[in-house]
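In the two assemblies presented below, chain A is common to both, partnered first by chain B and then by chain C.
Then we have the complex of A and B:
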């Protein structure tokens, strides 16, 4: 009996574990190992350089700058996404008619490809010529066309990137919040009303938000990690065949060009950057988790 | 063949598609092996945009009788896929097309082809061949020349009473005077030309990426002046930004959104179709008397994978196709898109390159060509310079400081490469 249990265990878990090992843990370990070598155009380097790649990345302007930019980006996008998705969830949850419809409508963008959405944003909504959607609307009010993606002063590209990210991601967090909201027992609200609490801010502050704590923590953590791991929409909106501009450059985009850029693959520096980024994400997540759960 | 780049770039975004292409490619790779006469060679191309190229290269490979050559056509992100293949131990592909990079030479990924090209070496355009030469050895046999140049709309120039510019200052002035209503003076990409005009700007004051002695070529005060002109142009309000298509496609120019556009030779057929002969072409002008007018040129070269199990056969195949079979080279360059054969004897003979803008382009390649991507100008150096140029041009940073920092970075790299 026990033996067959074990066999069943490995039968079910085995393929998954093998896949995980081969495609996740080995590459992670390998790239961590590469970070200690001068590994240019090879994944089996022989030139051990110790911590030199880490020293380079930590003195290297572009990588630190992108970490800085995306820390600032996280400070902005995490609360924004949190508040908006929570607000939407509260609204959708209160609707009595066609709730499923509205839930689906708001969730739908989460199922959309980042690449497709990026191209729609870049090429049709926010293109810089007069017949772009945003510029057409501005034109009705007599405003000159704005080069949304091209302009750096003011940095209009953030409008494109932030609206795109919110559109793509709100739906997912909205669903998490709705699930959380529906798990809050109705009798808590009824008891509060009997005790004289007014529906609205009071119940939100003393019942809904505390009951949503676990969901909120999950949403914040996922959000924070997603902010540091930003890649797709940035790469597709701001990247060109010639490369990526030095502003609004996510750490992963910089590392992508470092280790996989055309013609030269510098896996040593790329690996070191990846390890550093993972450490930053882990540290920030731990601090945030501590701060919220106290 | 940069029209290939266009489709490559578009598809590049779709990483999923690229992965799928990889899978399909992997399936396909089984079919080429086995039967046939002699050794089996595997040859890779990126997906050229022009119809007919794939059939043509398959036809060339099919008519080779010393080995069975199977062609793999690679839609999607060719560079990454090729890089991954060259890292693997399998030795596939045996033959492929790429640009020569010093890093690939230093890490022993490609083999010298001097003996392959020897019989026709003098016939290849010098600048093009230099783009495939590292430490005096040739690593790629040039297949087709691509170049960038400035297109201008004759009727708009006439209407505004502006002459085609022969200096950078005249160009900035022309761009200003041609900006009227919905028409902007010039378009050079949605990044304000940062990615493509850095080189021409350096060349306009007689500087370069890297000197012949492997030192940084732009650590001079005049570099800041040259890049400063790009900033002036960018900030003048005469530059179109945020067009739907980028600089590599002629749409902004053919739709009349601009009077000038920096784009490539490959757009000539489309521009001719849209505008007839109401356009002319120019090199990027000089800024001062130290500099010269320039056009960036480059060419994919046929190369041999050093890990191939059939290096000699692969070299023999390249010699047959890209050195001996001039008829195929002519067909490849002139029958599908619009390119200049890298061999001067073929370029001189080609009827459709003797008149109009095509003849101008051939003349620019002869007189004004600068390598757009010299082998010792490694990606880490070019990204340092691109970042600096971008900050100066698009964000108004101090040109001197930024360029000096980029020069320092490039110098460190060059020191690592050449000691």
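Then we have the complex of A and C:
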């Protein structure tokens, strides 16, 4: 270890470290500090309020409701994504002709932004009037047009949001599963076959799934974290020029409107909400990680 | 059994491709065809003149926003690859007493969900006066702890013999990195680069927060404004969407093997 090494180390790592400090550590520290102040329309507040912002957020109906709604959303979307992407991966992995073609087709939506997908889902597929694609197809079977985005009882908008997210993210997890499947040694299947295991359910249960453990954990955790951080498609499908409706509000949409979106910029409550959301995600991730790696 | 498998996959494939078709169909249709009572899968003829209408509409800054997105995505990809690979190489290969502490400081940022930091980062960026500014759009996204972490893990597996040969030839750390390590790691750079480009092009929340003036809108922000305000002809909006995804579909089709590698590297090695 020489002095010239120390200098070289900082020449290599220094620019990145400075940026990380300025755009990750300072913002987080600053925002955590703001969460203890009455910081309306200012980022250099003087009015210290202690834990009052946290108390407000935890007794405040909308924020808690949005955390609750998105826990339910995560409970639904995570297993659904898991089963569908694994199922598709198993199918794609089993075929020989046109395998690359099918893989590309299912992965292609990953190139599409949530904004563009929202546009197609809201204005074309799930348009509430008769000329939407879904209503046209339902019309063939004599079903009356459904107001997909506008109706709250029953909450049809979940059909719109869930199918959109599935379409856009399935391919990403499919790629992870296919990579995982291709790492499973072939001789395991041959051995199982000699031992009399029936191909299909038995090999899936006793060889494929255990061998996919690392991949499965990664898929579940990435998917769970993504579900709590949903923003783009909710903002674009349900939001209007007048604002966002009081239902199906992701935590990030709530924070966006509290801190930046409309009129008053309340960084105190926004900061407190960000800290709480980060804690929820960390806790849920830890619990899930523990539960599946045990 | 085999036939059933192909049948199931083909049905799924049609469903997955349908939204792309709808973008093109609606983008090249007339307003009357989109809102017709009897919705038809194939309108009579494509209306290519819609392109002229879209690009000539002064109220819709589509070209400007595509240009902004291109500049942001290119700068962010290049900057992130350079800064994060340098940091990753330093952490992996240059001996320094406190290297572990620096590495843990990078690792700690991976625990923080990225989207949670948008409010705090806005506070800092607005204090710097970078709102509605290219710097505000590009710079905060350059310092990805995750990308630096992936580079460090990768460089630790880089064959030491090559580096030692470079050292014997009289190259310093920089020469080794730039002349030996980078040229022999093109595939890895390409994999992370394609991911960075797509992520940057498609990102929405940060540009929404930071690009407040119309002149600084990225293409996602522009589409979103017209979608939520519904202040535009539907066929124009769909054609703009088609324009916005064309670069990415091209990148996807041409560089797909790097993209797949990037997804696997960043998804599993976490």
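Everything below uses one rule, namely that the second predicted complex is superposed on the first by the 280 of 294 C-alpha atoms of A that agree within 3 Å, B and C clash if a C-alpha of one lies under 4 Å from a C-alpha of the other, contacts with A are read in each partner's own complex, and residues count from 1 in each chain.
As a convention for this text, a contact is a pair of C-beta atoms (placed from the backbone, for glycine too) under 8 Å apart; a residue touches a chain by one contact, two chains touch by 3 or more.
Values in this document were obtained by computation on a predicted structure and should not be read as measured data.
*Asks:* Would you sort A:264 into first (chain B), second (chain C), both or neither based on which partner it touches?
*Replies:* A:264: touches chain B, not chain C.
*Asks:* Have a look at where A:119 lands relative to chain B and chain C in the superposition and call it first, second, both or neither.
*Replies:* both
*Asks:* Is A:128 in contact with chain B, with chain C, with both, or with neither (first, second, both, neither)?
*Replies:* Once the two structures are laid over each other on A, A:128 reaches chain B alone.
*Asks:* What is the contact status of A:43 with respect to chain B (first) and chain C (second): first, second, both, or neither?
*Replies:* It touches chain B and chain C both.
*Asks:* In the overlay, answer first, second, both or neither for which of chain B and chain C A:147 touches.
*Replies:* Only chain B is touched by A:147; chain C is not.
*Asks:* Which of the two partners, first being chain B and second being chain C, lies in contact with A:68: first, second, both, or neither?
*Replies:* Neither partner.
*Asks:* Does chain C touch more residues of chain A than chain B does, or is it the other way round?
*Replies:* When the residues of chain A touched by each partner are counted, C comes out ahead.
*Asks:* Which partner chains sit in contact with A:241 here, chain B, chain C, both or neither? Use first/second/both/neither.
*Replies:* Both partners, chain B and chain C.
*Asks:* Does the superposition put A:289 against chain B (first), chain C (second), both, or neither?
*Replies:* neither
*Asks:* Between chain B (first) and chain C (second), which, if any, makes contact with A:218: first, second, both or neither?
*Replies:* Touch partner of A:218: chain C, not chain B.
*Asks:* Going by the contact definition given at the top, which residues of chain A touch chain B in one complex and chain C in the other?
*Replies:* 43, 113, 115, 118-119, 123, 129-130, 132, 235-236, 240-241, 260
*Asks:* In their shared complex, at which residues does chain C touch chain A?
*Replies:* Where chain C meets chain A, its residues are 2, 5-6, 8-9, 12-13, 16-17, 19-20, 22-23, 26, 34-37, 39, 83-84, 86-87, 89-91, 94-97, 99, 102, 105-106, 109, 111-124, 126-127, 139-140, 142-143, 145, 148, 172-174, 177, 198, 201-202, 204-205, 208-209, 220, 223-224, 227-231, 234, 237-238, 241, 244-245, 248-249, 251-253, 256, 259-260, 263-264, 267-268, 270.
*Asks:* Which residues of chain B touch chain A in their complex?
*Replies:* Contact set of chain B toward chain A: 5-6, 8-9, 12-16, 79-80, 83, 86-87, 98-99, 101, 103-104, 106-107, 109, 182, 189-192, 194-196, 240-244, 246, 248, 257, 378-380, 383, 386-387, 390-391, 394-396, 405.
*Asks:* Okay, in this complex, where on chain A does chain B touch?
*Replies:* Touching chain B from chain A are residues 40-43, 61-62, 113, 115, 118-119, 123, 126-130, 132, 145-153, 235-236, 240-243, 245-247, 257-258, 260-266.
*Asks:* Within their complex, state which residues of chain A touch chain C.
*Replies:* 1, 5-6, 8-13, 15-17, 19-20, 22-28, 30-32, 34, 43, 88, 91-92, 94-95, 102, 104-125, 129-133, 136, 167, 171-172, 175-176, 179-180, 214-215, 218-219, 221-222, 225, 228-229, 231-232, 235-236, 239-241, 252, 255-256, 259-260, 267, 270-271, 274, 277-278, 281-282
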